[in-house]
Structure formats: C-alpha cells, structure tokens
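Contents: one structure, followed by commentary.
Each chain carries a letter (A, B and C) given by its place in the written order, and its residues are counted from 1.
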Amino acid sequence: MAEKGTVKIEHVSKVYDNGTVGLDDINLDIQSGEFVIVVGLSGAGKSTLLRAINRLHDVSKGHIYIDDQDITTAKGKQLRHIRRNIAMIFQNFNLVKRVSVARNVFNGRVGYYSSLKSVLGLFSKADKERAQENLKRVNMLDKYYTRADQLSGGQQQRVAIARAMMQSPTVFLADEPIASLDPKTTRLVMDDLKRLNEEFGMTVIVNLHSVPLAMAYATRIVGLRDGKLVYDQPIENVSEQDFADIYNESEVQD
Amino acid sequence: MGAALPEKQFSQKWHVKGLLTIILLVLILLTSMKKVEVTGDFSWDQFFEIWQEMAHPDWSYISVIIQPIMQTIQMALVGTLFGTILAIPFSLLAARNIIKSKLILSIVRFFLNIVRAIPDMLLAALFVAVIGIGPMAGVGALTVFSFGMISKLFYEAIETIDEGPIEALRAAGANGIQVVAFGVIPQVFNQFLSYFLYTLEINVRASTVLGYLGAGGVGLYLDQTLSMFLYNRTAVVILGILVVVMVVDGISNHLREVLA
Amino acid sequence: MQHTKRTLWQQSKPWVITLIVILIYIWAFSGIDLSSIKETAGEVTQSILNGLFHPDWAYVYTGDGEDLINALIETLAIAFLGTFISAFLTLPFAFLAAHTKRGFSAHASIGKFILTVIRVFPEIVLALMFIKAVGPGAYAGVLAVSIHSIGMLGKLFSEAIEDIDYGPNEAITAAGGTSLDGMTLATFPSVMPALMNYTLYRFEIAVRSASILGIVGAGGIGAPLIFALQTRNWSRVGIILLGIIVMVTVIDYLSGQIRKRLV
C-alpha cells in the first residue's frame, strides 16, 4: 500500500490584502505518520500555515501537495475531495451549538454526500455506525443525543475530533486545539490525537504554544517566526534551549 | 463512562416537538388564510397609480405642513414629559427592591400591563372622543402610551441598582423618600434620561400619524390629502415625516451614546 | 488661563443644558393649547368608564359572524399572516443591510436606509394603498402589515446576521462541504432561533397595529371600535377595549413563553 498522508509544501508565501506578510517562502516535507508540532509566537504564521494546507486560506505563491495532489490549484469538486482527506479541529471547536452531538459528527461526512442528501439528513446506516464508533473512541458516545452547547469545552473538542474522524482522513490538522481548555482536558485531547497518530498511522500537524506538550507528543518540531521557517528538527535533536531561541529572538526584534 | 449509546427518548425518536410545531403552524396559517380570504387579485394598475402620483410631489405644499410638523414634535415632547412624570412614582411602586409588599407590586404591575396592552392609535381614538379634536388629544394619548412604556423601563432599571448605598442610607436612619432621593435616583439618572429619549423617538414616530384620527399634528394632513386623492401632496407629508423622524432619531441616538 | 476657562465652562455646563431644555419645553408648550378641552370631557370619560364596567356582553358572541370573537380572530389572522409573510420578505433586505465586513460598506448603508424609510412610512398609508389594489378588508391589512414589518424585522435580522459565528461554517468547508452545505448545516441552525425570537416579538407588535388598521377599512377589530365610538355606544366601546386588552395580554404572554424556550 502506498503511503498516504504526505504533505509537501514548496516555496509557499502568503501576503494579506493589507500588505502583511503571513508566510515567507516556506518549504516543508512531511512524511506519512509523523506527529509534527508547529511552534512560534502568536502572529508568527502558524495558523496561516495550517489553514493554507487545507486551503481555508489561499496562498500567494508556491504549491502545497497532499499525497501528490496540488491543493493550491484544485477547483470545485476536486478541491472538496482533497479536503475530505484532511481533517481539521479548531481552537474554538466550531461545533454547531444548537444541534445534537450526533448531527455535528455527521457533518464531518458532508464531503461524501451530495448537498441535497446532507441537508435532508439522509446519512447511510454505515455512516451512523461510523459516527458511534468515532464517538466511542473519544469516550463521548453517551452524549450522542445531547445538544452541543451543553458540553464543556474539553467535551466539545473531543466531539470535534470525532467529527473530523468521520472524514476518514489521512492528514489531521489541529489549530491551537487546547488553547481554550484547562490542563486536565488538554491531556485528554492531546492523548486522543496521539492515539490517532499511532493506531491509524495518520499524519498529525498541531499548532501549539506549550513547550512541555510539544516535547511530550511531537515526533518533529517546526518553528516559525515572522512567517519564516526558522527551525525544523526531529524530536531526538530538540532541546529546551532551542525553544528559547525560537521565541526569544523575535522578542528582541519587537 | 462515555462508552454506551444512550437510550433514545420517545420524543427524540419521533421529533415530537418539531412535528407538533409544524402542524400547529400550518393549521394557524390555513385558518388565517381562510379568515382573511386571501386572493390572487391584486390590481397593480391602481397600486402603481398612487406611486406614480406620489413620484411628483407638490413641493409648494411644504409651507402648509411645516407648522403641523412642528406641532407633532411639540406633542411628542409634552406627551413624553407628562408620561415620564406620571411614570416615576409608579415605577418605584413596581420595583421589587423598593416595595416589599407582594400585593402592591402585583396590583401596580397588573395595572401597568393593561395600560401597555392598549395600542397608541386606539388611545388617540379614545382621547379624541373625550377631549375633542386637537393636539391635546394627541398629548393625552402619548402621555398614557409613554407612561406605560417608561414605567416598565424604569422599574427594570431600578431593580438592577446596587443595594449597598440604599442599605447604608437606611442604616443612617433615612426615611423612604430620602432613600429614593439619595440612594436610587443618582444611580439610575443617566439610564432614565436615555429611556426618556428613546421614548421620545417612538413618540415622534407615533405622533406623526395620530393626527389621522384628529389628534393634532401632521397626521391630519395625511387624512386630508388621502381622502381628496391628492397623492402628490401625501408624498410631501410622508417625506416631511421621514425627515423629522430621522433627524430626531439621529439627535437622540447621539445624546444616548453620550449618556451611556 | 486656559485652565480656568475650562473650569468655567464645566461649571456652567449643567446650567446651559438646563436652560436649553427649558427653552425647548417653553416652545413645545406654546404649540399646544392646554385649555382646549371639550366641556363634555368629564361626562364622556364617565360614560366610557361606565361602558368599561358595564360592557355589552351580548356582543362577545352573536353567531352571525359580526361579533367580538370574530373580529378579534380576524385581527390575529391579519397579524399572523402579515408577520409570517414579512419574515420571508425581510431576508434579502436583512442580508443587504448586514455589516459583515469591517469598515464602511456601501450596501449595508443603502440597506439600512431602505429599512429606515420602510419603518417610518406610515402603516395606515400603506393600508390605504393596498385597499386601492385589493379592495377593503382584512387582505389589505395583511399586505400592509407584511410590508411595514420589514422595516423593524430587517433591522433586527441584520443584527442577528452580523452576530453569526462563521467558525462552524468553516469546519464544514474544511471537511469538504460545499458553501450550500455550510449555509444549511451550520449557519442556518445557529441563526434560526434568533430570527424566530425576533419574528415572534414583531408578531406581538403586529397584533397591536392590526387592531387599529380597521380604522381605515383594512379589517380587524378597529372598524367596529371606531363605529362604536362615533355612535357613542359606550358599552360596546367597553367590551371591545376589554377584548383588545385581553387579546394583547394573552398573546404577549404566550409569545414570551415561547421566546424564553427558544434560547
């Protein structure tokens, strides 16, 4: 079986409409099954990079290949099919607050249905079972019929993970997934991501602020500063001092 | 702990709430349509004729309506003032943190609810019958109308005040009136002014049409021009109303932002 | 020097404002002849109160379709249909007037202006126009309410649209959904309760305005009321007033209960 879940970023730059440089000539080659943690100060371009990978942001220059398919030039149905393979969770969970957990989890499967079917809620039996399976995996099956706004932040993020898993993704993106969580639920969510990485060989890319968590979970650390890639090492070669460099120098610049 | 699928409740399985709501809505809709006798007949010719005539306003009519438009504002000002003066004692009597007697509270609130249930135009019709045609009828209607509205806004504001200063005054031996004067009013004064202006905005809008029933102001000219089919003059009246309402809203909004 | 000047202004500011307010009110009272009350005012007030305490109960239900119950139901039907239609008509205006991007937006300013014009345009004039088009009766009332309500509903709806959280929508896009999927699966369920809440609130107001549209012949309880007032049938006026008060109170209560559960 060909290795699925590779992300190749070639000379990617992003300049916002107002002239701010978000990303500056980023090159990254991520292999299948890696657990990459992207670190850097707020505004260093971490979020922009992650959003460029599934093209929630368009890039200004360069190309991004997901399993050798160029997402930066894909259109319409083709784009949606590539996106289907890339799951994403967000800092604010982004669940639809007023509907049930089950409905939210089904929403992760929209890429496999026509709009008409998904709007009418005509999800197949197999997908309903898949939803239950994914909720079980994050220990949230007992909340199946609960409205999303009745869950705590940590629970919402775990439902969001179950929703993302519905896509049967090969790449899993997490944009500051624990920034709104307390320390205990932080561990649960990070453990969930680690499990997906180890059990399914899924490529996981996470934006984080926390140095200890990055050291504990990553197989590879990538550092960004002012939109530039300033650090890229496998975890074996990373020392705490390296983080200080990634953060400190940019503080001097400020 | 999160491993089992919960039992689906009967109401969830059949979407009882959703279905009932839709059925009820459709039933009300059908009954209403039957009651109203909705038809497809719509004479666009007649409808557009009015608009066409209104599209050529008789500007000379402006000189006629300026004075009544001013009277409209005067009515709104006086009505809002009278309504506010009446509302202050009643809002105190309806505030839970001022009046401890449940009986007084519920009687006052019941009375206020009834007052608020009467539409403004209906008040105007009543006051025209009682006082006679003229701006006094409009002032009367607006007084009662703003009394109902302001009382509610005021007592809700009073109920949110900080209890500390009131307790301190009571502890110092202040009587009821002193508590209100030194403990309550300073805390809510800006909010009261803001609500006063808000009500004034609504009253200006209301008073422009009250005259249709003979209660003074520019509304009288709506009635006159419409009943004589002089739509080119109606257009001028409507434009005048539009300008006045927008100017008053603008000034009032600005003042309320300053107060906030 | 400048410092003392400022304190002088600060000291005199409250007095200046008070003076302006007093002048405004002197002007306001000058336009209204406070003594212009009919001599019969007391008498008529007494008659109305008398009518309120001795209402014409027989009018409540006569069975011939010309009674209070019938007129009240017609009033409710006008308010309900008018608000229902208005909610749909409002949507495009609300999207036009919603300020979804930061900074100045021409379409939002135009949209807000259109909504203000609609809100200020007298409902009674609208009713008269529709009477021209469809003839007198409740149908003209429905049309007047449905157009007039756009003004306020559009303002409220556009505020709800401005408050939409586009996060869930983005999550759907990220999962490979179309923009239609995002609209229907994320945005719609999030914004729906707010829109329903505002629609119910507007319905409460529509009940009040539908009860006076009859004054110009657009159906509902207004026509019998004006007729009773003109013919000085005070016990009839009394029962109609009671009917309106009870109807408005009950609708406010029910609507308030539903709105509480929507949140």
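The working rule: a contact is a pair of C-beta atoms (placed from the backbone, for glycine too) under 8 Å apart; a residue touches a chain by one contact, two chains touch by 3 or more.
A quick note: this is a predicted structure, and the numbers were derived from the prediction, not measured.
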{"item": "Category of the chain touch graph - line, ring, star, complete, other", "value": "complete"}
{"item": "Chain whose Cα centroid lies nearest the overall Cα centroid", "value": "C"}
{"item": "Centroid spacing, where centroids are CA-atom means, of chain A and chain C in whole angstrom", "value": "48"}
{"item": "Rounded Å distance, chain A centre to chain B centre (Cα mean)", "value": "51"}
{"item": "Separation of chain B from chain C, taking each centre as the mean of its C-alpha atoms, in whole Å", "value": "8"}
{"item": "Interface hub residues of chain A, defined as touching at least two other chains", "value": "none"}
{"item": "For the chain A and chain C complex, residues of the former touching the latter", "value": "54, 56, 80-84, 86-88, 90, 92-99, 107-112, 115, 118-119, 160, 163-164, 166-167"}
{"item": "List of chain B residues in touch with chain A within their complex", "value": "1-6, 8-9, 12"}
{"item": "Residues of chain C that touch chain A when the two form their complex", "value": "167-168, 170-178, 180-181, 184-186, 189-190, 192-193"}
{"item": "Residue ranges of chain B in contact with chain C within the complex", "value": "28-29, 31-33, 35-39, 41-44, 46-47, 49-50, 70-71, 73-75, 77-78, 81, 113-114, 117-122, 125-126, 129-132, 134-136, 139, 205, 208-209, 212-213, 216, 219, 222, 226, 234, 238, 241-242, 245-246"}
{"item": "Parts of chain A lying in touch with chain B, wherever the complex brings them together", "value": "132, 135-136, 138-145"}
